[in-house]
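Lettered A, B, C, D and E in written order, each chain numbered from 1.
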């Protein structure tokens, strides 16, 4: 196997907390607490898990949009953990992120046109008429009319904004895209279009995705391997099929059991309140080839 | 900035359209342009030489005589001509000082706010240093070293009054820089310069534009003050500010001497204010206009 | 308990067949952008009975959020205008109500969960206080009691360590946590009508199930009616009693949830159902999509807005816009060719 | 209801300190001086010296001054007490003299005192002074110098910073009660005043920094007496007509001049200076800029002065003659209507304190007058601390517009300003900033200070004035005047053109 | 937080040194000097001036003069004034109460009024009120303070005789609070007018910005009353730039306002400073600069702390 595109080793991100008028420091929030993963070229790694378990933080940390507090990140064979912002700049062309919050990640003062032309400008890829053409192409790609270029973010619906965020991340055709809930605000038909698009691009250009989603149907459609996170740690990591049909960790099983079915009168989901205790170490045990599970002490 | 194309991308035309749709902004633009034109073409319009005096005709009231439509001042100079010529000084000072203030203040504010750390500490301590000296002191001392020309005086005024702008801009940037769209720009590989000037500044535009308006007024008045202290325009050259100052003694007996230049300053400031408002509305797509 | 509530909730529509709590009729919204005005909502109508959930689904940008905001009377700015229609809450026309009276209703009798929880929360106010606010405003709850209630609400929406989170500020929360905070705010006063705009998009499925359960409990207890806007057809199938489908600013189909899933009558609805990704050992090379793109609101065609993408479209579809036609009890569709679907 | 217990005097400035030896500002620090201190003798409104701390004003007749004018014998008034009860003696006078000559004390001027060869205290009440040369204005020097108490100051290591400067004790009619910086100073009657207690219990010096506002307060009655800077020039008519108020017009010894820097080649030729002078519309400048409130004068003295040469004729304005003179001097009209000589334009600057609208107007008028005869003048005003600094004292200016007093009290002696040995850039002494040098004038000035007979002196100074008007190192414009406004019932105020302050006889002020 | 304050205070040591050094150098290098006052004195000649120059120590090289001044400062000796030889600290401190009173009340009035007008203007954007407030503010900013001051005195003191025309109190009424308040009215109003005008502009723009944010809509959806939304939701977000502004304006509490003080005969710091500047009273000027520096440091520190306290996203570095 060749060297992975991305390799995380014991990645940690702890947020300091401050409370009260004097802003005294409290115990840090361990948003990401020792994650080790690797992503191969052209692979789609799904990242699922409980809300607030640190998926977005992991995503942002991979791209060094927040500085990790521990561990290391290797990207394209280089350890970028300590790289300065300045040094990261050229590398940005190779790694992009689709933000979970489409609203906050679009500058409200800029038109969609200027938001979408930014990547081209920054990396000196296109200018003038070509730039306009490229922007129009991006818009078309995500199912928005070219006139959208002249409007501002607040004039769009949630899903439309999300598509603008996707278009922006795709603009540079980066090696790696961290897609944080890229399709959550889209209706299923457009969601299907976008997912097909992502898959097509992957096939054509060899893109690699870290795909964060709560929609397990989508995960199952697009991912090769899936990592399940729980409280800042990966509890299970497995190839798609193994994960969906041979889940080992109780949390994973619980998740799978809770997927809503688009069938009326289907039995109501029941959320198990069974508890288990996570093991102390972040170590994963390989239970089958490529199938890792964290230590746990569970009733099941 | 390197890529104005992007600014113009749709936004340019749209900005212009939004702006043109803003009646008040249009009004502001017209006022400013008219005043500037009047000052520029003063030699063609002015009925008299602005320094020509005839003490026997002093204190002529406005609208009394065809030769002196706006009357005469305390030594019989034609008020209209002085207002026209004075506009050259006052508008230059107002505009140049305002631009200097805003550019310096906004740049320093955004640099300090975004880069943070020691850059912030250094710049803000510099701001503090500047604030430690009352503006009059700075003005006088600097003016004493630099020969007072119109331009240098405007620059001096501008360079001694940007501190509040920088602090305000910094305070805005401090929370803006934590927002996702800044992260997004960083993720795209945007340089700090681009982030500061393309992403952050437009979001801090509102207070900057307010400051710009206020600075026009204060610069015009400040000019008269340094002239009063002997470092600015020398008599008998007119500026709106020094016309006001000279009229101080006659505020109750010959009020129009102060009112006329005061009204022109007000008009200028209003013009700039509405221009600024229009620009802000145009820059801020969320503020939709009322018709 | 949960099971009992469940049974009650599912039976609710039949029981309270009387006057709907909320009736929306012929709602229209116009948006001015620059020189143009576009019709963002046209003749939107539906009704909600006590303890009933109406699922509102539809294409992205079709006007679901706008509908929600319009009936809360939260859209009106100088650019956006509700120019026709009626929104009646228990027979009271909300659109004609003075603002002060409306303020008394919002958050108390009708409240809303916003689609984008990130920007919907005030960045400088602690989570706890933001939840306390409606309680203190409408129920006159005391400071301490409100604080406890806020923590309890956070707990209810599945937030671990609720007491600590209550002291946090929005930027310290993950997307899903913020979404749950907005839910807590919306249900704080146990409103009669809850307008939930994609309330669970950012939640993992277990929390989602928990939240939907909570909402159902509320319905059962209080008879709360819910307008549930969502893209997750699984959630719709599970939660909604009836469904309205929107396309390009109009309601194109309404039906009881079972009927809709069993036999969609509008080609767009059918397309939607086909596009759902499913968990299966074998996955399709590509998901089914509806070909073509949505027309811009500025350039809406004369006829049916969906015609250009519809495999069944005829010249008639292109020429004339179909009105919502009643095709059964509780069921209506706006399609000339609905028999062929 | 008028409070007759006190008098409120309004001024636009306030004293910065109370020690008469460290006096800085004329006009304001005269008030504490007059209220709290006494000189050996004063000069009254008729120009006669009247004894104060001295028993009599020394003169040739009473034997106080020796025949050669070198020995001065001064007897002091007996029984005078400092306001703290100490007796006033000749040692205080001696101490005052010694302090003036003390190099460590920032005494403004030693004018006259530096001529003292020996100072002898004969006994507690008698002093004998020997001068190194005869100096008639010596009387003026003492009139201007207030005596300070030895018993309080002798022990001070540094008189410049002594607490006395803020808590003064004098022999004067009032004692300091309180001072509120920037607002007012209250003086309380000295019950033991040696010339009899003053008529009011309190004398209050109030500071109203803005002249117009002060004028307003004089009108509303918030001040009883409006002194410095007086009624604004354009309001004299109005002020004169206010019921219940008297407007007093004070001739000050100040004369406003154009100073020509004779050291600059352009102004070396007296013809040029004269031409420039007579081209000016001097009377008009007074009438229209100063609203006629100044008095036209042709010399460095005000026309009211006893030594003023009434025979001088006013030649201004005469542009034709001015042009002719310039032609004669070789300044011929150049192409752009500016005169040239040897390829140089007749172009120079005029400076004065910035921010004085009347002076600016005067400058503008002269500028226009000169423009008509082909002279280009550029106004370059500066702050006081600059224009009166080295710019003036090192004779760096082209021309100045200044209003200055005569040099020694009201004596017509003008040595310091017009004698060629008094050019500071050349000799390091004097205040002849125009660098004017004329042997004849030198001779006359040296003669004038030795002449004891008034008629002789008058003739000498008349000649000086005549020469100066021909050669114009400084072109006189007008003698400045101030209008004060007082409440009618306020009595005892006596304008005195021989002193710079109105409060010289403050002990006599009182309510009718 | 406490560390932040400590760091800042540590940073301000070099600041004060730098400021005093710059101030000293600028003052002495600028043309003109304290001895110019004597030039106008008729009886003073060149030797006298030279003599006094030595007494004032102005004959020494600047760096020696600075070192002397600075070592004095370290010992707590602020020096003595040239003219009058009084301790600088006394001269300054006796003016402080008047300045604080006037500036404090003017700032307080202006902030409250300015905020109110600004908020109303933002809320009722493009209404008659908004236009009137805008024009009024711009008018107030376009005329110099002295003009308003003289007008106010002319109307209220000279013509109507409602209020005293200047000073801090009626002579003999030094302890009468009512009298003091009466004297405070006009200067506060005139000075407050200008500050109100600029505050109202800044406040309007800040609130316009905030009122359109999504969370304001959330607040509305909760059914909060208008004033509750304004005070609890908009205010803390909008007030940040205004706090920054306040931090910058705090030094005025010390340095006073020259023109208003002159017109109203208010015995404040502004007059002291300008008098000292025109007489080149270096010791007073230096003293005031050091004091101003302290106010600047405290003002901006407080502003930064306040902003961070209001907005949790702002990190104190």
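The rule we apply is simple: a residue touches a chain if its C-beta (ideal position, glycine included) is under 8 Å from a C-beta of that chain, and two chains touch if they have at least 3 such contacts.
Molecules present, by chain and UniProt name: A = Peptide/nickel transport system ATP-binding protein; B, E = Peptide/nickel transport system permease protein.
Here the structure is a predicted model, which is why all the values come from computation and not from measurement.
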Legend entry - Number of steps on the shortest touching-chain route linking chain B and chain D: 1
Inset, instruction - Consider the two chain pairs A-B and B-E; indicate the one with the greater count of contacting C-beta pairs. - result: B-E
Inset, instruction - Quick one: report the Å distance separating chain A from chain E, using the average Cα coordinate of each chain. - result: 52
Legend entry - Chain centre separation (chain C, chain D; CA means) in Å: 91
Inset, instruction - Please work out the Cα centroid separation of chain C and chain E, and write it as a whole number of Å. - result: 55
Legend entry - Residues of chain E touching at least two other chains: 31-32, 146, 150, 154, 214, 311-313
Legend entry - Touching two or more other chains - residues of chain B: 14, 140, 144, 175, 178, 180, 245, 248, 251, 284, 286, 290
Inset, instruction - For chain A, write out the residues touching at least two other chains, lowest number first. - result: 101, 103-104, 155
Inset, instruction - Would you pull the chain C residues touching chain E in the complex into a rising list? - result: 69, 72, 74, 100, 103-108, 111-112, 114, 116, 119-125, 133-134, 137-138, 169, 171-172, 182, 185-186
Inset, instruction - Please name which positions on chain D make contact with chain E in the complex. - result: 6, 8, 16-17, 19, 22, 24-26, 103-106, 108-111, 144, 158, 160-162, 165-166, 180-184, 186, 204, 206-210, 212-213, 216-217, 219-220, 222, 382-393, 404-409, 416, 422, 424, 427-431
Legend entry - Contacting residues of chain A [partner chain C, same complex]: 15, 17, 19, 29, 48-52, 54-57, 100-104, 140, 143-145, 147-148, 151, 155-160, 162-163, 181, 184-193, 195-196, 199-200, 214-218, 220-221, 241, 244-245, 254-256, 258-266, 268-271
Legend entry - Interfacial residue positions of chain E with respect to chain C in the complex: 213-215, 217-226, 228, 232-233, 236-237, 310-313
Legend entry - Partner chain E, residues of chain B touching it in the complex: 116-117, 120-121, 124-125, 127-129, 131-134, 136-137, 140-141, 144-145, 163-164, 167-168, 170-172, 174-175, 178, 206-207, 209-211, 213-214, 217-218, 220-221, 224-225, 241, 244-245, 248, 251-252, 258, 262, 265-266, 268-270, 273, 280, 284, 286-287, 290
